[in-house]
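Working notes, structure below.
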Amino acid sequence: MYRYVLGCALAAGVAAAAPANAQDSVKIGLVEPLTGSVAYNGKSVVEGAKLAVEQINAKGGVLGKPVELVIEDGQCAPANSVNAVEKLVQKDKVAVLVGAFCSSATAAIMPVAQKYKIPLVTGVSSSAALTEQNNPWFFRAAETDALMAKAFAKILANDLKLKSVAYVGVNDDWGRGGVEEFSRDLSALGVKTAMTEYFDHGTTDFFTLLTKLRAAKPDGIFVAAETQDGSILVKQLQEMGLQSKVFGVGSWATADFINLTGDAAEGIYAAVPYVSSVENPANQDFVKAYEGKYKVKPGKYGAAGYNALNITAQAIARAGGTDAEAIRKALAQTDYKAPNGNYRFTAKGQAYGFDAVLVRIEGATPKVVASAPVEAPQ
Amino acid sequence: MSTITMDAPDRTATAGDPVLRVQDLHVAYGSTAALHGISLDVHAGETVALIGANGAGKSTTLRAISGLLKARSGSIDWNGKPIANRPPEEIVAAGIAHCPEERHVWPGMTVEENIALGAYLCRSKDEVRTRMGMAFHRFPRLRERARQMAGTLSGGEQQMLAIARALMSEPRLLMLDEPSLGLSPRMAEEVFEVVRAINAHGVTVLLVEQNIHNALAVASRAYVVQTGRITTARPSAELRDDPELLKAYLGG
Amino acid sequence: MDLFLQFLANGLVVGVFYALSALGLTLIFGLMRVVNFAHGEFYMLGGVVGWFVTTYLGLDFFSGLVLVALVMGSFGWAVDRFLIERVRGQGEEPGILLTIGLSIFLVNITLLAVGPAPLKVARAITEGPIFLGPVTITKMRLLAMVIGVALIFAAHAIIHRTRLGSAMRATFQDPMAASLAGIRTKQVYAATFALGCTLSALSGMLLASIYSAQASVGGLVSLKSFVVVILGGMGSFPGAIAGGLLLGVAEALWGGYVATGMVDIIGFLLVILILVLRPQGLFSIRAERA
Amino acid sequence: MTLERNVLLGLGVLAALLPFAVTDQYLLHLAVMALFYAILANSLNLVVGYVGEFSLGHTAFLGTGAYTAALLSVNAGWPMWAAVPAAGLVAALFGLGIGAITLRLQGPYFVIVTLSFAEVLRIIANNWIGVTNGPMGLAGVGQGGIADKRVFFAIVLGLAALTFYLSYRFVYSNAGRAAVAVRENRYVAQSIGVNPFGSAMQAFVLGAFMAGLAGGFYAFYISFVGPEVFRFSFMATIIIMVLMGGKGTLVGPVVGAVIVTLLEEYLRELQELRLSLFGLIVMAIVLFLPNGLMGFIARRREQRGDAPSLSPAIEERTV
Amino acid sequence: MTALPTQRHGGEPLLRAENLTMRFGGITAVKQVGFSVGPGEIVGLIGPNGAGKTTCFNMLTGFYTPTEGRVFFKGADVTSHKPHAIARLGLIRSFQKTNVMKRLTVFENVLTGHYLEGRQSLLATFFPGERVRRAEREARESAAAVVETMGLARRMNAPAHLLSCGELRLLEVAVALAAKPTLLMLDEPAAGLNSHEALLFGETLKTLIGKVVQSLLIVEHNMELVMGVCDRIVVLNFGQMLAEGEPREILNNPKVAEAYLGKAAA
């Protein structure tokens, strides 16, 4: 009986894996968290990516074929992301991989991509270490914390006239990276560090942390947190009656964030690689298309998905085929005009040249305060 | 629920239709058979004893009657109506109360709560209060301990409490499982006094008891149960005066 | 000193919230002994349903709360009758696996239905800080505490003052004796589960109006609630309050004087300590379980 | 006994032949993951199935194993053949410590306290930046080493063979019978001279050792280790495997691991519905196959009148 | 009442209980009970339900620590020893009703009973040498033999939960015997047997003495069995010793009759 069950299972496995589709489309694999606690942001990336594919296919696709997006749930977990990549590469035969959101998951799939010689583009993972692994197949179409810090530290220190800053970050690789980079660059500019604290993702009550913060009496509060944690934190900042200037990184310049935070969002600053209120024609087209499709303005993750897909598709077009090595070379030559500026890659695969913005939330909309191009790291 | 018409109490009557009739009852725990065809009759106003060795199936019989156990086959009729495999609450409502072995009072509830819950199916608060008054009247010691946790009572007091609780449903038939278990002779004697008094008030009693002399002193008839079967059914007096019985019982 | 007072106040507020979110589990895990890993999902559903009825049905907060209680009560009843009932009396394992499956199902079906975004639940009153000497607290928090304490007392009253409550305690202390008294134990189990589910959902909605509702919050709530119930002693309402306050204050002080980065470790360390030193919990007397 | 041994041997031979029959790397990857999970499920089964205590903290050993191997590889450059056994030994040490505390408790207390240990370790791993690199995790484990998936398959098959051999020896030895006696009837076990605590401890430490080996392998295979190895979702997967296959048998966890691994992958076709469906399947298993697939098969055999030899049959649980 | 040393057999008794007292909360379950079991003896411990027999058993075998009093086995004080430690000295007991592992087969039950003989290091478990393999083989042979002795050969591979009441009783004794006891203590071994079965069971017990076990201590309700098998009987009532003596003395003791049967009134 069990032999029978096993036999069936194995047979089913072989059968389901066998048919390799005739290549009548160009496949791009996308690994994002669709379940679990970061699913919210993962979904935005997928939305942006889907919009990009729609637009590309409306214009006739690439190489004369439509682009097919194969989406897998990596749950931001290394093992699950590796499973997803194995499936995308072996079963779906994707030409390029995009993903995997969390830096830890991306770190786990990078060797897989390298082994199979499939280009991997991430639009999100920001851990600086990723581009230091000498993996020629890896490209990051995203800012790193260090690059953001470099772009804005001077503006923050000079324009907001901050003397001391308290740093608060979510206790993961991204939050810690943000806090470390910003505090390093701001300290170099003479801004004192009043306090550094981390909190776990999913924390709902920040009063203890804010009590310490109030005692530290900083001029400014730097926060690295995503929508869910960030909105609660900012709300409670107001509830505690704290008056310090708040600025930070995260998907803050979005309608969801402002809606969740309410009037507590007024006057806070956010350094983001993308905001929907940038006034240039390319962006306005993007925002209109995105809003038309999803009834909501794009945030940084929507834009990240959109950009990553466009960069990938353009590279395939330039490569003139789905040969991995050709695509890799084409990716290295990227010069992509995004809604938020131009993307190019350094030799290590780090994107630069696009504009990051500092926004201030006024009247429930993010107003651009400053804009700075993200420069290539030395 | 049906109301039960009572015959005039007649402690020795065996004629006429029995109020409780069990016929060829089979019960099993999982795949282990426990009863292999028990048949017995109880008439209104009687006190009937089930006697026999440990594990013979006396308690199992009571549990099957009160609906705690499912009957594999056979019938249980109460006033002519089949009640086998009905849920316990229906059987309590029909007028059969079961006072289980080892008392099973709720240790973490007060004596008062224990007693009050005995009348769970009675929706009228006044009625419950009246019945509680009667219970405390019958068991004055429980009134003294009304606020105490039942778990802190002595064995005899717990037994009294269990009986008082069972009586709160105003049963027509009271089934008592080993009421003298672990009690001192004086205490046991007290319990049996109570049983006699209850019976005198017209409540039919079905008694499982190991202390055979006490059992026979209370009961008018007795059934001897051995390994899941009834082996003897005789009037108590007959058994009591038969010296062979002692040996038969002791000899299993 | 001022700092300490504020920490203490924060800890007490959060402690009440912890007690509140563990209330349902006190019934289901503490009394019924179902190791319910779907507890956090009941809590989450309270918030999500609360968001739905206040946003789409246009109900005010309190009517929404009542509707959530009704919906989640029926849901809990159904879960017990159709799922838990079938594994009752078989030890912990089937219940654990069943509720793990249920929680996976509920999270993901919610994710499908309302998406992964945090949801904003209407507030009962306008927000505003209150200053008590050196201590800052907010109106909404005070209200939530009041409602929370009221719920805790209400739950306690149901257990100790009503017919159903007596039936519950009787059933959990001795199910056989309960059957013999005419209590329909299956109904009592289902009612208890429904009550537990309702309490979880109410606290979910209440706290979602202060924080936010989201499909994925359940896991953390489950874990913290287990901590609270174990700390307080299984099935004890006063214990749950004490356990919640202990956890809240311990976390606040640890966060305040050590680091906020790993406050979650406190609860688990306390659980390990308590279980090793005093397995029946801090505030439980063995004989009385309700 | 012999039947179970033969089934395991047969499965082992089948698995050994797999790389020759299958060239598809994805399938091979699934096979590696299935075997990895089979080791884990088997190790948990020693505690859940044979000692009869429900541990929800088994990821503590998976995690310590994974971190040990990753640290030894990244910091000290240990090769896989040395780091993986070390991972097993360190996990066994943790098992000894945690078991000494937790095995005094039973029932729901044991469940929660084991879970607490796993969570404590996760939080430590997440915050002890100096050693574990915190949430950034340890990347590049065993880099530049093995590249061929078939080699990984051979290694995990070897580990599986070793762990199943050890389990088999244990389960069918005097010591294993003592553990079963404790599970079935603690009092009887004591009355025939079994020390319940010591007996449970043996199985617990053995389970920890094997989970540590699996963790060490995981570190090298995935090449990245972060605090998520301690997470409850991992635990849920393993426990589902054990109970789905049938606890208290050696074949059950293998079957469970294979089915769940394949199920999780093939449900991918259903996209967003997949985890909802997975939850439903788990519930259905509890309700309709309460003793797992092996229990179901054993019962069928019993009904057909064969001697029950695969698993202790079912019928009544302890009342 | 204190222990009466067993003069008939001379020398130190195998098991000696002195002044055993057990209180649970405020209730005294057993009060100052003392008796002994000599080599080669079959001693019966009788008394009405709730008289404290099982509590005595639990104190003798380490499952309860007595509030007062001492237990000596083979001359050594074992009063606060753990149950398994006492078992390892050769004092093996059975439990009322539940002395088997229901999901295991008859053979597996008895084989498990051989635990003490087959203890070995973990290394030997994983890499069994010839000695361990031989021990295992011998244990299996011995288990089969014990099953045979107890007349259960026909049910060798039946799961215990399928056994009849009588077979279960035999299996309980078989499991205990497998542990090679010096002194075997049986708690109501004949419960649920009819008189014929009980008689046969008694005969089986008698054959064990001197061959398989040195002595027996039996708690039993079945008087015929007790009277027929035991050399000496200790009677408990309400946790205290009521009488001690040979079966005939006990049978004619009016106090015993009263305790057992209630007042011989009416």
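The chains carry the letters A, B, C, D and E, assigned in the order they are written, with residues numbered from 1 in each.
Assume a contact is a pair of C-beta atoms (placed from the backbone, for glycine too) under 8 Å apart; a residue touches a chain by one contact, two chains touch by 3 or more.
All figures in this text were calculated on a predicted structure; none of them were measured in a lab.
Graph distance from chain C to chain D, where chains that touch are one step apart, equals 1.
With respect to chain B, maximal separation of chain centres occurs for A (centres as means of Cα atoms). Of all the chains, the one whose CA centre sits at the greatest distance from that of chain E is A. Note on interfaces B-E and A-D: more C-beta pairs are in contact across A-D.
Each chain gets a centre from the mean of its Cα atoms; for chain A and chain C, those two points are 35 Å apart.
With centres taken as mean Cα positions, chain E sits 72 Å from chain A.
The centroid of the Cα atoms in chain D and the matching centroid in chain E are 40 Å apart.
Once the centre of each chain is set as its mean CA position, chain B and chain D turn out to be 52 Å apart.
In chain E, the residues that reach two or more other chains under the touch definition are 161. In chain B, the residues that touch at least two other chains are 30-31.
Multi-chain contact residues of chain C (touching two or more other chains) are listed as 107-108, 111, 219, 261-262, 264. For chain A in complex with chain D, the touching residues are 1-3, 5-6, 9, 12-14, 16-17, 34-36, 71-73, 75, 77-79, 82-84, 86-87, 89-91, 103-104, 107-108, 111, 115-116, 127, 129, 133, 171-173, 176.
Every residue of chain A that touches chain C in the complex is listed here, in rising order: 35-37, 39-40, 42-43, 171, 197-200, 202, 204-205, 207-209, 211-212, 215, 227-228, 231-232, 239-241, 256, 259-260. The residues of chain E lying in touch with chain D in their complex are 61, 63, 82-85, 87-88, 92-95, 98-105, 108, 111-116, 118-120, 122, 125-128, 136, 139, 157, 159, 161, 175-176, 178-179. Remark: chain E residues 27, 48-50, 97, 161-165, 188, 190-195, 198, 221-225, 238, 258-266 touch chain B in the complex. Across the interface of their complex, chain D is touched by residues 29, 33, 35, 83, 86-87, 89-94, 96-98, 100-109, 111-112, 219, 223, 226-227, 230, 234, 261-262, 264-265, 268-269, 271-272, 275-276, 279 of chain C.
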